[in-house]
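Heads up, the next two complexes both have chain A, just with different partners, chain B and then chain C.
Let's look at the complex of A and B:
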């Protein structure tokens, strides 16, 4: 399966070492964005090059890899990235969250709780949580250094003043280990509680912006909020039309042109397990 | 009943086969040879080499063929290949004063040592479609070239320098080696060496627009095209075991020295300042635009007001790379079901309250 013309996991060993050093630094300072010498990958920037470089640097021959996009294993980009690693490493791949040792994801955290023997790698388009409020990097780095996050709270306050609730639904900023505010990547805020005290190592790679950051296992991750306006996640009136779950993140599917809608789990492995009754067995 | 879409793998394979078919076009028409692209689409090859940061006309021509002529895609292919290449060493600085000139013009002096050499350019052609090119035309009429001066031709900026009228750019003692932007991430504020690296591999269209903006009031820098030269320069390295420089080949370059007005400051007398542009092959539009932006980006160093986009390092350098830009713009094609679902729910909630 492995293409012998490329090094294991595509990158040369010196590049992997450079990236592993950045990862170690990121683990040592949870939530801090570490600049790294991001390489041009054979997939486009914005399509997961940061996540791919992080995965390529930590993957070993005995790993079992799962790749998801929007919670699903069969979306085009997940298929493309999984094939890239099959071709360059020859490692075993799986669609089952429980079986994976390494999970690369875009926009979701699996519904099944992760374990200590798993590493999850997030693809990050915009690593800087302050960028929309302050585009100049010289300024945002200073704000992080001083722990000056008033701007974010003002933004949340303005939302409440205008709409009566916070109007950020994904990439909802979090405070990591009580020190650095971090962009959790564009996961829905529904997934934010899963970041908190997770037993798994969580690594974040932003290729285009050339940043790596991390949340080590069992680290405090709090979603920004106010005492009188606590953080809330999305809730649905419907249940999954396939497995009946009321606990999972649901995608809305348009079924006809007369307003017909149905809701199904975005996490295809979770939904499949529930339908086949495997969840109880596992 | 909705069934989750499976078979992404097969669909992707089919798409790739369709692409190969579309690339080849009508099988009755002879296939394009890489050598034909290299010879007859040389300016496309030069652009792909410059923005791909690899001097290799054969690989660039192959990339253009594989990309069906989409030059930004070809740059992407070349860059991804480049990332897998080992770094064997660094060359000595190039001496462009010793360039074997194919073209050299100055807009600041009517005549000067070495003269004006027009060379191959579209500048003096009338842009009338030449219908005679519809049919193969055979070999072009050979032109007798002037004798090249073996010691090279002095640069215009060096002539001005004799009078002290232009800023000198002599590297200070202990001047650090420039950062290799393809190995180290860009951080701000960026040194001039880093900025020039970024601009050299930056998208020609972006650089052109930014350079143009400096001529329309967004940071006016009073530029003159002091000199544009195009030709070949010898490349030398110093092998560790030898300890002296040996030539390893030559590369074609286009260099632009822009001469800009400067009123002087507390510490500097009135003098001309410089903007610099350099590109692989023949790429005058690129080199000139680069020189305009280089000068505009020196606003802070020269104590000028820096409010225009072309004077902002972060604005220019963060958006010049067409790989980064093209990838991120087009990533919007990827599924965003989850985020869109979240926004859908939010908009419904807001409308309910309103």
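Let's look at the complex of A and C:
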């Protein structure tokens, strides 16, 4: 139920307009980080303040909202953000990817392919893909402006020289629309191929760093790599212990203190659907 | 002529660091700029290498394909591309010119990757080749620059600059800070590399021995002006200007 003491979706209308302008600019220049006047939100930095502001600016009364954290709908971050929007907007919420029109996420992209009528909002802690290589922000902005991205390959080179393979497994840098290199937020590189030519609008919000960026529907998104060391996603020897999937991203769960462990899908909705589907078929 | 500087002026506040310097340098020529500390030689080097915009004057460079260009009339992207391909810049302290947190191989390969080389094997082969050309052991290419001595770091910095086959290299006191035997070896290497590759080089130094060993021609600077210039041997053996005479006579003989 909507709490009448707050404006719809918590933010005031002028703030939402400001954020929408930043979003429009971000959509116009895929992968470019647009600065915006990030507001204080009633949750700490690192919990998704950027994602919440983006969601609050695009959500409408007819939207159906899904919030996930590490692929799951029932983790603390997902639960508190979902409740926040229930109280401030009164919109319907769901745990089912297929029913959602707006999905806010941290660390994962749902396994079920997204559609044209969906918008996905990513929570981003570090929007600058060059930050760990070049600490000066004036310099990183210039590098983006001039398209000087050789440094990212220096990082990948270093990975191969040290470990024999590209050891970056999450927040794996991507080239968007052949122009801007973008941090895809800390999703596993397993999810990188889902960014490419996605029918859904993808929005990224970084609250502390005050940046918004976007990948419009059907945009080319390539993961950086070398010709002789191509981009590869993680693979598991196991199948999900609950639904038997061999295609999804698996989490390792320790089950006891005697070395017992099992692998289960990180996407709880995907896993649940497969289990109930199997139950119906039986 | 590969680079021509005319009437370069640069002031910091009221103090003129470079006050109207002109010179040109030809392909394959090594030019030394000597003078005491504060004479404006490093500022001049920064101006002609496009790192610092002069208050007045022009710097023209003969590009590989597009004729003579005024480097400050180029866009920033073009100027930076030029600096990464046709030019090299060797800093006095290797820490300034190297990426200390990545391996020697990555340091040498960086320019190749910046130019779009995307084949790991080829980058590695090229880096290994250049390490041996500057007389370093290619087996150490995965070590951090921190694992190398001062002289080795300087060699690494040179290899990193030469990997794109530049035609002009700027060097700011490349041998100071090294002990004399290492200095001698590095000078030897620089001399053979410039000859072998037909490199043009502008070397800023306060060490007249470096100028004598490497340079064909030299400029003597004092208070932002060139007081004397000519062939190296001529200037050092028969200095005309009182300041040059003082400079030459102040060299310690062991």
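Everything that follows uses one rule, which is that the second predicted complex is superposed on the first by the 277 of 282 C-alpha atoms of A that agree within 3 Å, B and C clash if a C-alpha of one lies under 4 Å from a C-alpha of the other, contacts with A are read in each partner's own complex, and residues count from 1 in each chain.
The working rule: contacts are C-beta pairs under 8 Å (C-beta built on N, C-alpha and C of every residue); 3 or more make two chains touch, one makes a residue touch a chain.
This structure is a prediction, so every number in the text was calculated from the model and none was measured.
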item: Which of chain B and chain C A:268 touches, first, second, both or neither; value: first
item: Residue contacts with chain A in the superposition, chain B compared against chain C; value: B
item: Chain B versus chain C as contact partner of A:41, first or second or both or neither; value: first
item: Partner chain in contact with A:148 - chain B first, chain C second, else both or neither; value: second
item: Which of chain B and chain C A:252 touches, first, second, both or neither; value: first
item: First, second, both or neither for A:161, with chain B first and chain C second; value: second
item: Partner chain in contact with A:28 - chain B first, chain C second, else both or neither; value: neither
item: Touched partner set for A:229, first chain B, second chain C, both or neither; value: second
item: Overlap of chain C and chain B interfaces on chain A (superposed complexes); value: none
item: Complex contact set, residues of chain B against chain A; value: 2, 4-9, 11-12, 76, 79-80, 82-84, 86, 182-189, 314, 318, 323-324, 326-331, 334-339, 341-346, 349-350, 353
item: Of all residues in chain A, those that touch chain B in their complex; value: 6-7, 10, 12, 35-42, 44-47, 49, 69-72, 74-80, 83, 106-108, 125, 135-138, 163-165, 167, 169-171, 186-190, 208, 210-211, 234, 241-242, 249-253, 255, 262, 264, 266, 268
item: Chain C to chain A touching residues, read off their complex; value: 76-77, 80, 99, 102-103, 105-106, 109-111, 113-115, 118-121, 123-124, 141-142
item: Partner chain C, residues of chain A touching it in the complex; value: 142, 146-148, 150-151, 153-155, 157-158, 160-162, 225-229
